[in-house]
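Next come two complexes built around chain A: one with chain B, the other with chain C.
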Partner chain A sequence: MTDPVTLDPIAARRLDGNAAGGILAEVFAVDVTAARSRCAGCGATSMLGAHHVYADAPAMVLRCPSCTGMVLRVGMREGRILLDLSGSRLLEIPMPASSGGGPATEDDGELG
Partner chain B sequence: MARAAVQRRLTWLPARLVATSAESPRVHRLVFDVPGWSGHLPGQHVDVRLTAEDGYTAERSYSLASPPEVGELHLLVERLEDGEVSSYLTGELSPGDLIELRGPIGGYFVWSAAADQDDRDTGRRPVQLVAGGAGVSPFTAMLDHHRRRESPTPMQLLYSTRDESEILARGLLGPETTITLTRDVPVGWAGETGRVDAAMLLRCTVKPGDSPRIFVCGPTAFAESTATALVDLGHEPTSIRIERFGESKEPS
Partner chain C sequence: MSVLSRGFGRARTRPADDRLPPGQYDVGNSFPVLSAGPTPHTPLARWDFGIDDEGGELRRWSWEEFQALPREAVTVDIHCVTKWSKFDTRWEGVAIDTLLRDVPTTASHVLASCDGGYTTNMPLPDLVNGRAWVVDTFEGQPLAPEHGGPARLLVPHLYFWKSAKWLRRLTLAHHDQPGFWETFGYHIYGDPWREQRYSGD
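Right after this comes the complex of A and B.
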């Protein structure tokens, strides 16, 4: 059966910014897949989770979904994490809500 | 002094396999107990790390297939022919064995009842899920969560799979789900048949005029062709979130 959807072999391995969430969580204190990044090449802004990821290079490479320019590279070597952010002109990271996200526990109780 | 919960960086956590069962001929459901798990949102994933005796490690990402209301973590793992991690997870890992998990990961491909309550404007928009094959994993977490929380958000799933035996999480799928079989169609099948295309999307998914939030998950070729067809139908590109699985040797 032939596949009506054809992609070249490199395109078929394309993933999303989400796939880089794990290693980026080793570096950043907050989740950055929901952060917006402005491409240093074309100026387009989109969430890192919506970027294209090529995970089988020596480093994970995030590319701009508009112009395919390299935005971010992250990899590990000899116990170090290497992070190249030169393709992002501006990273806009939502602050974690102090009470949102998980089950509220801190402020629910009475003062002791 | 900081009074809010301190954000912590993610670390690798030991996860003990509690149960493993064949969900379909190629997909296993693995259930893990993870002490110290911080909770998650439907749609988030974990990284799995296996370490061999000689120190060699391999990592893969898997979507969480269980909602936050369930204490254990469920993963639906598809056995790939040349997949060193997936063949180990589905063939050799036994109850009681330990692996390592890092997560929950990702704030992009998520949906939760609480977020819809907090953001009423967004929360009013229906949610359309489109899955190819094992790409249904994160959606089983979303559907299960939606049901347990009795969320008022309209949610629909269009699920493409090769044949009836490969339908995953079958017990969870209700009237919100449309299944299309792409390969073997049994006599008397009342659902859709054939690959997801523009005509099927028009017939079986929320219309652009209703401004749905759309999540597409599956092999890269499936996800990209589906997203392109959705944009052609008039959906806003920014309303479509994609999770690509990469190459699939067995197109859904």
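Right after this comes the complex of A and C.
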């Protein structure tokens, strides 16, 4: 089977999710490339850093590595950052060790 | 952090030209590919193009049926919202007027839908009276997949994101439904001569 990546200039320019780490660091206080995102389309979960990034479009578009559905769009315009997270059903962000503890604990979410 | 889209070098800068909308530059012979997702590779045997409305499908053409429609050749200037313009691009395809000939409608707007999930919207009057086509040929060659082949919409008087690649459906509607870029702050209409890049422009 022919590998389409070698033939397709769009696929050849595709990046991994770490390419979005820079601009996302402008929004999030932690490195979200290590966050796990559940795709709103297919339900698959993977690290944002393992998503597919299309960076040539008018905004940076992150797509699910399982179904290629759009997970996140981020762009800058006139001094503002635009962030569309509608394609992520759930974002699990590891807390830095130094900010652990605090008022919110893992038990807070438990039922009963 | 000043740019998100990786740059395409300015091939050359022409003096102000009455064919160059405000804020644009002439990209010359190159044809940048700005894609927000993977290239669909729909086999022609599975490709079809349809016009529908809120009530369902109105017309549908297989690839063979589409090829049998009356064709037009057009040479137009195109203008991308990322500021490159390209002059005298040559396309061949079917005018939207031809596709809508037997489709009576009172719709005011159209949403174009594509393989890969891309969408874009525009008023119906912008697609008729010789202003828009579904094209499958560029510079005499079958339209390459990275440029939207098998077939793309061509609406050269609007920013090129409206000329949707990998077109499969036009949905006629009585309201304007924002598409992929229009829901991300891009202008609902996108006239390059009025520099309508973003909502609020």
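By definition in this document, the second predicted complex is superposed on the first by the 92 of 112 C-alpha atoms of A that agree within 3 Å, B and C clash if a C-alpha of one lies under 4 Å from a C-alpha of the other, contacts with A are read in each partner's own complex, and residues count from 1 in each chain.
Here is the rule we use: a contact is a pair of C-beta atoms (placed from the backbone, for glycine too) under 8 Å apart; a residue touches a chain by one contact, two chains touch by 3 or more.
Keep in mind that this is a model prediction, so the values were computed, not measured.
> Counting only touches as set out at the top, which of chain B and chain C does A:Met60 meet: first, second, both, neither?
second
> Name the contact category of A:Gly87: first (chain B only), second (chain C only), both, or neither.
The answer is neither, since A:Gly87 touches no partner chain.
> Is A:Glu26 touching the first partner chain B, the second partner chain C, both, or neither of them?
In the superposition, A:Glu26 touches chain B and chain C alike.
> Which partner, chain B or chain C, touches the larger number of chain A residues?
Of chain B and chain C, more residues of chain A lie in contact with B.
> Mind working out whether A:Met47 is in touch with chain B, chain C, both or neither, as first, second, both or neither?
first
> With both complexes overlaid on chain A, does A:Ala11 touch chain B (first), chain C (second), both or neither?
Touch status of A:Ala11: both partners.
> Is A:Gly75 in contact with chain B, with chain C, with both, or with neither (first, second, both, neither)?
The second partner, chain C, only.
> Need the overlap of the two footprints on chain A, from chain B and from chain C, as residue ranges.
Chain A residues touching both partners: 4, 11, 13-14, 22, 26, 55.
> Going by the contact rule set out above, which residues of chain A touch chain B in the complex?
1, 3-7, 11-19, 21-22, 25-26, 28-31, 33-34, 47-50, 55, 94, 96, 98-103, 106
> Would you mind writing out the residues of chain C in touch with chain A in their complex?
Those in contact with chain A are residues 1-2, 4-6, 32-39, 41, 81-82, 116-117, 145-146, 161, 181, 183-186, 198.
> Spell out the residues on chain A that touch chain C in their complex, using ranges where they run on.
4, 8-11, 13-14, 22-23, 26, 52, 54-61, 63, 68-70, 73-78, 82, 84
> In their shared complex, at which residues does chain B touch chain A?
Result: residues 3-5, 7-10, 38-39, 41, 45, 47, 59, 61, 102-103, 105-109, 114, 118, 183, 195, 220-222, 224-225, 241-247, 251 of chain B touch chain A.
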